[in-house]
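Same chain, two partners: chain A is paired with chain B first, then with chain C.
This part shows the complex of A and B:
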């Protein structure tokens, strides 16, 4: 007979898991250390530097920033009608992209979530995501080829109807950006519709509502938060774009392309210009928040 | 059981009008035949239950009556009118869903008003009817709540009010009590039955719970593998099941068959006797006139509070379950029965022959 020896001895032979189990704070620290470090340094640090730089001025001879606080850059932007026009044009393009993406994306998401048999859904979602695997530049140049005036695919399709293609410009930019960001609209709306039980649609029809009424009174109000979530993506991605506009935009200028064109010669001005879309996004999110669309996300 | 649960048919089926007629109703999903030629007349003002295990086709039949599924074959008539191909919004029926399917973005009042608003009922009348419907399910004062702020039982009542406010000719209920806990379920069974008597609307109720079906229904249609095995009053279905499936599904399957049936009852076939009709006596005792008896060994004793279930292996082969009320016996008494030789005795009136359907 031997004495019972397997009573727990906390000080010795304690595994890491056990040690963590008894220390909730240490557990939390281990979980969050890396992301907090990243957020504080790389993310907020960079944003802070951007904001600081936007208040500096530039030395006209050396093109180097002068570290003295001034509102000159912002004054330049808002007193020059050309820059105000760029801001308004950029917001208009981003808004158009968002509206078109919502109009195209919502029915597609509905089709995948509610019409296609369950076993095909994974494949359909994969197909929606497929374009994201291809290089951004390749896709934009593909659209450049398709939108080629007179000889492009779009012109070739429209010519028999006596129409000409949009050519390069604001419309081409809107079309290309919509193509690029459409998956970012479809995916959240699909997820929202997936969460909507089929019985909700049955119940509406059961209570006498025809299809249009069900879409208006039940489906749209319930997927509205998802559409808003998608719009945050499509709107902000379009707002910041600077490559598409240079490739298919002809001489069109957007906020991004202005930043791109000025950061080597006047970094503080570029920083001020780059702050504009950030402020627009903050305002946009504030408006969205007020509608209550983010509460149920 | 409270008084209100006692079932008496509200109308004599023979002279009541047919509210819903199903004729050769069939539904297949790909290769799977979910409903296989169902014929059924459901009478005006009747509480009819579609009872069966999951996958037996009962819910599919309900969904076809509502119009959520198109039949693969056969016909559905509502009050004599063929509605087989009509959309749900063209049928005078309303449904209470298993998950209630309340609209989460609308208040309770808006949910209940939805059907009336769609049908463009004037605002004053709409409001009044909705408030009445909510009051009839004891939810007055909850009008402005959102469904998410209510308990399962309350949501169930909202779903009921939302359907009944439209005054449909037929109300369809798809396992509406399934998500509630036992106490609440028993209370709702009583209230539902009471409500059905008050409004006089035909209720078609789907459940897999045989006790629920027996408690609430005027008639029960027992489903198995897409077909109806038996239609009858709760007493018919429980005391005179026509197939071994019904005998087994409604109550405990207590079958005597083959040589055992021949030795005990003197004739071949499949016989059934309900557990509570069997008495356990000393193995030396003999059966009296008009009784049958069989000897065996108690294999298992299950104490269930008010009663005890004895599983008895018969000396002639097979086993029977006997249910005895614990009138005098304590749990220790009944536990000592395990392994004892006993004799089971029942009146011949309580045994019945069933068809070997499946």
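This part shows the complex of A and C:
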């Protein structure tokens, strides 16, 4: 006890430094206090408040939430076929986006990681990453102009063949969301393929496997967790979108657009609707956990 | 790897298709900003730089851009402090609840955007009417706080990756040579993590500058960031040509952060830092 008091204390900073050096727990507490308090209050508190609000009802006259516990909002959602349809449609769109992104992204990632010569690899990755930095809205806007019925770029390309573009709607939303989240699929898969040693592929070839067999039996199983990791992003980001569907979705409704359309008039209902994607994500993550993909995130 | 020639061609072809898918829409946006026609139609009707002059002098777009920069700077600074603190705590100590804290950090980005947006709006409701005037534009504390909350994770990811790679020996050596906790941080730890801080800050700035999903829910009525301005203008047909120019400009400047982060990290494989 006396050791601390006897030690020479040349300055206050020095004293504090020594004090902290001797107490790792105090250092830890000092590091953690502000960020944890912030996240717990501002974010976790907010989520909790949202969950609570979803059990409230709304006063018809004032549009203000009434704090009395009820399951009315959830009952409204699951007893109304229109809302159930919106939920199913949203999940279907998110799933299609994930599948298309995996089908487009995996060969691209393989091409960068294993086919392109080493010195071109950095450039290729940069080419894939750059659109991540282009504004989200600009990319949605780009597809609005691409898919515009009759006068859009896609229509211009297809018209000579007697075809018309998809126009605005579910297909347009799926294309646009795939476009937005594609880099989130390519990057984890590329990282996974980069970790896969070339010697393994050579060994497969030495044992007599042709390219197709090597891809199917060696590359795909090893890169599968990375694809699943990428799918967490593409799925979650598509599930919670409400902007794209407003711009290129015509009258299509998704979970997000229902929340966006109702939060000013009926906050408890919007909160209940917003709880649905949380539950879907928790289920999705629980399934994903089994593949071990979360460790490589 | 030894691939058969047809397989190489097949992968090459798929990569070309993928790159075309990525770049054709962005190219169309840039070309379209010079389109003489007031209403969008493809192919373009003629070449003009008139819209570029109009857009660069558009007061709404200019003040929205300034608002976005201010919000992004404030959110990035806040996230830099919080993200580094928590990265040090989780990267250097093991304690009860460590897993919970790391989950808490990633949650704002992992949950669907609409959830984060509505949750933060519900929590920030009492302050939604508050806005400050900085450099002549309105900036809201609620939107800064919201952006900072999901920017913490990108700073955290960059810093903790750096901490893991550098190990504890440089700091231990410094302490053994008699430097205290603060001197070690100032002369050893900070210079070593600086590249990670810069890479994380670039990413956080980009994330905040571009954010719309959470911004629409958390911005006070008089605060208009650039994405909000674009979003509102999309529903006003006469703003079309100006939106085209702003969109083209944003496509062109998106090269800057990629260039910056490649230059900073010196590792092209990690362009854009860690998300």
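Here, the second predicted complex is superposed on the first by the 255 of 297 C-alpha atoms of A that agree within 3 Å, B and C clash if a C-alpha of one lies under 4 Å from a C-alpha of the other, contacts with A are read in each partner's own complex, and residues count from 1 in each chain.
FYI, contacts are C-beta pairs under 8 Å (C-beta built on N, C-alpha and C of every residue); 3 or more make two chains touch, one makes a residue touch a chain.
Everything numeric here is computed off the predicted structure, so don't read it as measured data.
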{"item": "Chain A as common anchor, with chain B and chain C clashing or fitting", "value": "fit"}
{"item": "Chain B versus chain C as contact partner of A:271, first or second or both or neither", "value": "second"}
{"item": "Which of chain B and chain C A:32 touches, first, second, both or neither", "value": "second"}
{"item": "Contacts of A:213 with chain B and chain C, given as first, second, both or neither", "value": "first"}
{"item": "More chain A residues in contact - chain B or chain C", "value": "C"}
{"item": "First (chain B), second (chain C), both or neither touched by A:203", "value": "first"}
{"item": "First (chain B), second (chain C), both or neither touched by A:163", "value": "neither"}
{"item": "Partner chain(s) touched by A:221 [first = chain B, second = chain C, both, neither]", "value": "first"}
{"item": "Partner chain in contact with A:66 - chain B first, chain C second, else both or neither", "value": "neither"}
{"item": "Chain B versus chain C as contact partner of A:143, first or second or both or neither", "value": "second"}
{"item": "Computed vertex angle (chain A) for partners chain B and chain C, CA, steps of 10°", "value": "90"}
{"item": "Shortest span in Å between Cα atoms of chain B and of chain C, once chain A is used as the common reference", "value": "5"}
{"item": "Overlap of chain C and chain B interfaces on chain A (superposed complexes)", "value": "202, 205, 210"}
{"item": "Chain B - residues contacting chain A, complex", "value": "66-68, 87-89, 93-95, 97-99, 101-105, 114-115, 118-119, 162-163, 166"}
{"item": "In the complex, chain A residues that touch chain C", "value": "13-14, 16-18, 20-21, 24, 27-28, 31-32, 34-36, 38-40, 42-47, 49-50, 53, 104-105, 107-108, 110-112, 114-115, 121-123, 125-139, 141-146, 148, 151-153, 155-156, 179, 182, 184, 187, 194, 198, 201-202, 205, 210-212, 215, 232, 236-237, 239-243, 247, 255-256, 259-260, 263, 267, 270-271, 274-275, 277-278, 281"}
{"item": "Chain C - residues contacting chain A, complex", "value": "1-4, 7-8, 11-12, 14-15, 17-19, 21-26, 28-29, 32, 40-43, 81-83, 85-86, 88-89, 93, 95, 101, 104-105, 107-108, 110-116, 118-124, 145, 149, 152, 175, 180-183, 206, 210-213, 216-217, 226-227, 230-231, 234, 243, 247, 250-251, 254-255, 257-258, 262, 268-269, 271-272, 275"}
{"item": "Interface residues, chain A side, partner chain B - complex", "value": "197, 199-200, 202-210, 213, 217-218, 221-222"}
